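Read through the structures below before going on.
Consider the two complexes below, in which chain A is the common component and chain B and chain C are the respective partners.
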Partner chain A sequence: MEDSVLNSNSNSQSNNRQTVPFNDAKIIIGLEVHVQLDTDSKLFCGCSTRFGEAANSQTCVVCTGMPGALPVINQRALELSIRTGLSLNCRIARSTKWDRKNYFYPDLPKGYQISQFDQPICGPGHLDIQTTEASGQPRRIRIERAHLEEDAGKSIHDESNDRQSSKIDLNRTGTPLLEIVTYPDIRTAAEAKAFLSELKLILNYIDVSDCNMQQGNLRCDANVNLHIPLRGQQIATPIVEIKNLNSFRAVERSITFEAQRQFEGWQENGVTIADAPKQTRGWNDHTQMTTLQREKEDSADYRYFPDPDLIAVKIEETQIKQIRSQLVQLPAILRELLVKEYNLKPDDAAVIVSQGRGVVDYFLTVADGCENSRVANNWIGQEVLRHLNESNQTIQQYPVSHQQFTELLKLVIAGTLDQTRGKEVLNAMVEHSISSEEAIKQLGIKSVDNSELVTLCETLMDENQNVVEQIRSGNEKAIGMLIGKARKKNPNANPGLVKAMLSKMITG
Partner chain B sequence: MTLSALNADVIVDQLNAGDLTATDCVQHFLDRIQTHNADLNAFISVSDTALEQAETIDKRRKAGESLGCLAGLPVAVKDGICVSGQPTTAGSKMLENFSAPYDATIVERLKSAGAIVIGKTNMDEFAMGSSTENSYFGSTTNPWATDRVPGGSSGGSAACVAGRLAPVAIGSDTGGSIRQPASFCGITGLKPTYGRVSRYGLIAFASSLDQIGPMTRTAKESALLMSVIAGFDPRDSTSSKEHVSDALTSLETPLKGIRIGVCRDHLHEGLHWEVKTKINDAISVFKQLGANIEEIELPHSNSAVAAYYIIAPCEASSNLARYDGVRYSFRAQANDLEEMYRNTRGQGFGDEVKQRIILGTYALSSGYYEAYYLKASKVRRLIKQDYDEAFQKVDLILGPTTPTPAFKLGQHTQDPLAMYLADIFTVSANLAGIPAMSVPVEPSSTGLPIGLQLQGRAFEENTLLRAAHQFQNETHWHMTSPAEPWRTQS
Partner chain C sequence: MPDTPEQPIVNQVARLARIHLDEQQLKSSGEKLEQILGFVSQLEQIELPKDVIPFFGAIESVNAIRDDQLQTSVPREKILDNAPESDGEFYLVPPVFKPTDS
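On to the complex of A and B.
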């Protein structure tokens, strides 16, 4: 074995290790993502899955593990799992079963978790992610499997008084989780984040989960180690599983930290994957470090075996076909559509698509209606998204309908409204929930005819002789000053027309 | 004839005819429990609302309301089955103070048919045992010989029916826990097809083997109870949607031409000589009824006990993990979490339960799973295949329920293997999921009951009940009751 030669701690070996730059090390990352499926009721009983209710109010004899109570599978959870699997290009099992994962924990009422061991509902698949690589090629991250399982409850530790006490809330017990496991195909912390963002977006598009990370609806564990080239061979560091990462930032930072930590550890002691068991480490948001939780050798033997209270689930081809036929267009397809058919830049397309299907539909309708996708993108990408972001609204709550928005953009495209006036009109439409027509009226905007324009220009020239001189002597930029003044005298005057008329009158 | 001598179907007829009130009926059996339970220890708890329920039934009957088919009939229920608001201990210290928060499906069905749960019967702790000696609440004794065991684990249900402390009872059977005590106590007991009766509310021992069934004096009474408790339950994923037809209507359909298989191997080694004789006598009765007796083979049946004692403990080790002291069970004093687990489970479970949890935990452990659990599962499939083949040739399989009549209290407590062999003829039906019943034949020369086992095709309980009923038309063993006061038999 390579390591038997290379991991001895002789000085020469140590010196060799010191010469390897960190950037030569390849980071090997695999993710396990727990997604809470957006079902009304729990995986094996009829209790509500609502978040934030009074402790233990969403429980029954089944999810509290009362003697004699039995689980019954929630068909909706199966359907959402299949939908997810299809969206991740997974093979859907024709027959899947339930297994018990046995371990003792106070918030695990039955003393076992119902999960899926060797026949997960979703088999191998993949997800392509956008990367910042120069080639612009997407990276394919292979998915190993996705299986359904029930969540545990929550332990709440109260250490406020002398007698420390712990309380258990079983509201979350039995809520359906889909655990999506990738192959170790991810190579950078940024890719890990990109994978999670894309996954989250897909789950959102297919209505499987709202992926609220604060509520724990999307949780992630990362398996990380390094492959380090040394004298023509690859040295692998021990694999570390970083548990319960509750934000994208935590995923990114913990992987970055862990890679560095492993590299320094290896440089110091040369310990490789052959020398040490898999470790579980926790990410601490305060210290921004991972800390050792346990080494896998001490970990429980879960004694998986088929749950005799449940029967195997047969999934018919027709059911898969039906779910497939109802699948919506996924983000990758929509991005391609926006780039190819609507001539958006890839980054602009990504921004629109990242906002969810509602914004995409809004964009498509407006772009089609005003027949100018660039303008539609500029306005929606900036004005609409800023408003939604600032007001924390969804596109469905946005006060300007796509028809009204289209009308507004038509006026802008025709030059009837310039950019600035257009934005004033939009602001009025948003603020008062009125049409563009009404807003124009309210703002006193009306078209300025040619004679008015001539009078305006003449007045400006009279009042600003010195500027006129500057322009005549070749300083063409000075015309901007006059345009600014024109706006003050008559806000309805179209700056483009003013400019054209002025330069004609001044320079002939 | 006193009330306790009457069969349930007769009691129901009298109640319907107005010849008997539910109140008098319930009072009669409560009195008998009061008088005799100290000797038999068949009940762990007696309902304090039974009389009240009886009065309600009487009022409703008087008011001319239509009532269920068991209205006013007292039923004893094994204490491993949840009855809402009643103590439900499963014979364990772990659940000594547990009051079930809900009704098991079969209890719900019995109640809506008007039956009155009169009390909860004693059992081996978590149904693990063949003598009811493993109960935290003390052994039940056999009313035929009070120095002998009633069998188990449904020993309380068997003893209370035999001793007429209740007209009928409900038991559960994981490896023979209905049939073996029925045999030891001289009553009729049916383990239905796996999935035929809902397990919802039955405190699990081994989920893939457990099945609830009736324990009664006659096959007709068992048919009556089955008409109420059998059928699909959406709350039990393993319950079957197979149609249930009323057993009562086919009880008298002649047996002429029915093919009954006998496995000769089961009538030889290790069998008590009187058991062998009485079973052969019973075979003659079936011949007279027009049955064709044929020899069959069940080549893997000698591996059944071994497979059973892997599969059942494996499932039990997981099923019993919930008794951890955190929520509803007994909780021992401790200074930290792990100590609480250790003390609670160390003190809350009895020795046999702990032994089986350890066995199951070991057999499921990584590195042993294939050699034990998986291998036992393969044997299980082979046993099922044996039956599938046998039932190509015959309609029923007949043999002894147990190798011996009831043994003495304490006789096998130090010898688990001898105890486990009491299940040698019964565990196969659980492994294969088929229905099986025990029917009393002529007792031994010393007056100990002996049971005949009939096994049938999946979902063909009615054939079993029909054969048992017509056997009982020709014999009277099921109608004999132990003499009172109870005697020892030495």
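On to the complex of A and C.
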């Protein structure tokens, strides 16, 4: 720690501490993110990684740690790790090895976890995140490393049997995890959330993980402390690792809570990083607080050593090149494309890209087809995304093909259908899985020719002479009343055309 | 390398390994550990050129890798046969959170 530390609890110091406003404290945050890699089989054996199967139905002598069983590394887990590393601008190790992390817990049958200690598969990298800072500049969060390891099993602390025993399910044991560790570069709770959102989006795009947080496929711990300026020096509070963060909201709220708690604690007792070791606290979603987790004093002594059951993995340049050549366009590139080439506002581009590659492709095809990216964005960003959200469908399940959608938008852009009728047509297309043509027919929408429009306007003027007078005497807004009446008389009449014709006929 | 492993180290290793050693066992373990460390420390006498890269296993080959292929798991009743206690579905272990913890 570069910061010099003041260490005294005298009254004058305490008074000094009380004068520091919370906003002067800098929050220092680093994240450790565990991602379950999307493999069929486990990291070191052929057992299935499927979620939700009958307890202990997916285990074998390797993942339950029977004597003499030998682990063999899964090719796809290596590939997915390299793919992730490349997407996070990491240096990929040319040689990587396996280490045993020793600790005892009932859900760890071998008494150690196979992990990577000093030669992780991915070395330093970085991820740029968008923040709400006024400058609009992205923030670069450095990645320290990403290493492969096996997951542990699941303990079930059953209340029903009077806690006479805990139940253990080892199905998850040996599932491949990639642990991504950032440098402490994150400065706010919102930035932590932005980092996780972007990371999750990337992992989705590159097909590395479904990142389902409910199923524990993306798990996060946050290391948090404060740097507080006091009389020209920086004071660091003890580092706290917050565990058990299984939603983005939990990450954001726990960091906000923890920063406040540490600040108040320091004001009260002046304890700094020099006085106290790193502490582990758990986030409680019900109480919205972090609480101290009791640990054996030496549980951090994992006594890592190279696993003699496994041999090193050499990664060839050609393999890295091949994986690099297959990398898809990442979200940041696509957002830039939508802003620069399709003239979308950054926020609109972010919404489209956040929905995944399928929605981006749908947008690109429709925007190209109807030659109006703004209209395409309005309709996809609102109508399509709302439908997908409400029906919990993916774009692949959306009943309207991009061809049909393009045809509809062409009619709207040409003015053949106004916005309201266009949406009615779209709703019919979605509901009955029919084409725009069929929907228009079904809704009885007919094109209204010019002479019909003239007759319609003349009738309206005859029937509403007082409104006509209002308009003539300068109340232009009154024309809206006539347009409303026009719609009732003939729903097919385009309100834009009706308005133009009426104002010409009334005011000349 | 200390000539004699400190007794506290033996204590700590035993605690980490969840092994209970009585005084006699602690003493003999200390002596055995001392012998092992003494034997291994002979390696320190070898003078190595600076550019020697450490290796981490007795086997020099690399890349024992398998394809991501499913294999049949061991039937549950068979694997649970190895457990000191089970309910036919789960392994049963002493409670992680003792009743007094709540």
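Here, the second predicted complex is superposed on the first by the 494 of 508 C-alpha atoms of A that agree within 3 Å, B and C clash if a C-alpha of one lies under 4 Å from a C-alpha of the other, contacts with A are read in each partner's own complex, and residues count from 1 in each chain.
Everything that follows uses one rule, which is that a residue touches a chain if its C-beta (ideal position, glycine included) is under 8 Å from a C-beta of that chain, and two chains touch if they have at least 3 such contacts.
Since this is a predicted model, take the numbers as computed values, not measurements.
Engineer: Is A:Gly68 contacted by the first partner chain B, the second partner chain C, both or neither?
Structural biologist: In the superposed model, A:Gly68 contacts chain B only, not chain C.
Engineer: Which partner does A:Ile168 reach: the first (chain B), the second (chain C), both, or neither?
Structural biologist: both
Engineer: Please work out whether A:Cys47 is in contact with chain B alone, chain C alone, both, or neither, and reply first, second, both or neither.
Structural biologist: Second partner only, chain C.
Engineer: Answer with first, second, both or neither: which of chain B and chain C does A:Glu317 touch in the superposed model?
Structural biologist: Once the two structures are laid over each other on A, A:Glu317 reaches no partner at all.
Engineer: Of chain B and chain C, which one contacts the greater number of residues in chain A?
Structural biologist: C
Engineer: Residue by residue on chain A, keep only those touching chain B in one complex and chain C in the other, then list them.
Structural biologist: In chain A, residues 61, 64, 66, 72-73, 102, 104, 106, 168, 301, 303, 308, 310-311 are touched by chain B and also by chain C.
Engineer: How about chain C: which of its residues touch chain A in the complex?
Structural biologist: 12, 15-18, 56-59, 61-74, 76, 79-80, 82, 85, 87, 89-99
Engineer: Which chain A residues qualify as touching chain B in the complex?
Structural biologist: Chain A residues touching chain B: 61, 64-73, 100, 102, 104, 106, 109-112, 168, 301, 303-305, 308-311.
Engineer: Which residues of chain A touch chain C once you look at their complex with the stated criterion?
Structural biologist: Residues in contact with chain C: 39-41, 45-48, 54-61, 64, 66, 72-78, 95, 97, 102, 104, 106, 155-157, 162-170, 298, 301, 303, 306, 308, 310-314.
Engineer: Note which residues of chain B are touching chain A in the complex, please.
Structural biologist: 81-82, 88, 90, 95, 98, 100-102, 104, 199-204, 206-208, 234-238, 314-315, 317-318, 320-322, 324, 326-328, 337, 341, 361, 364-366, 369, 373
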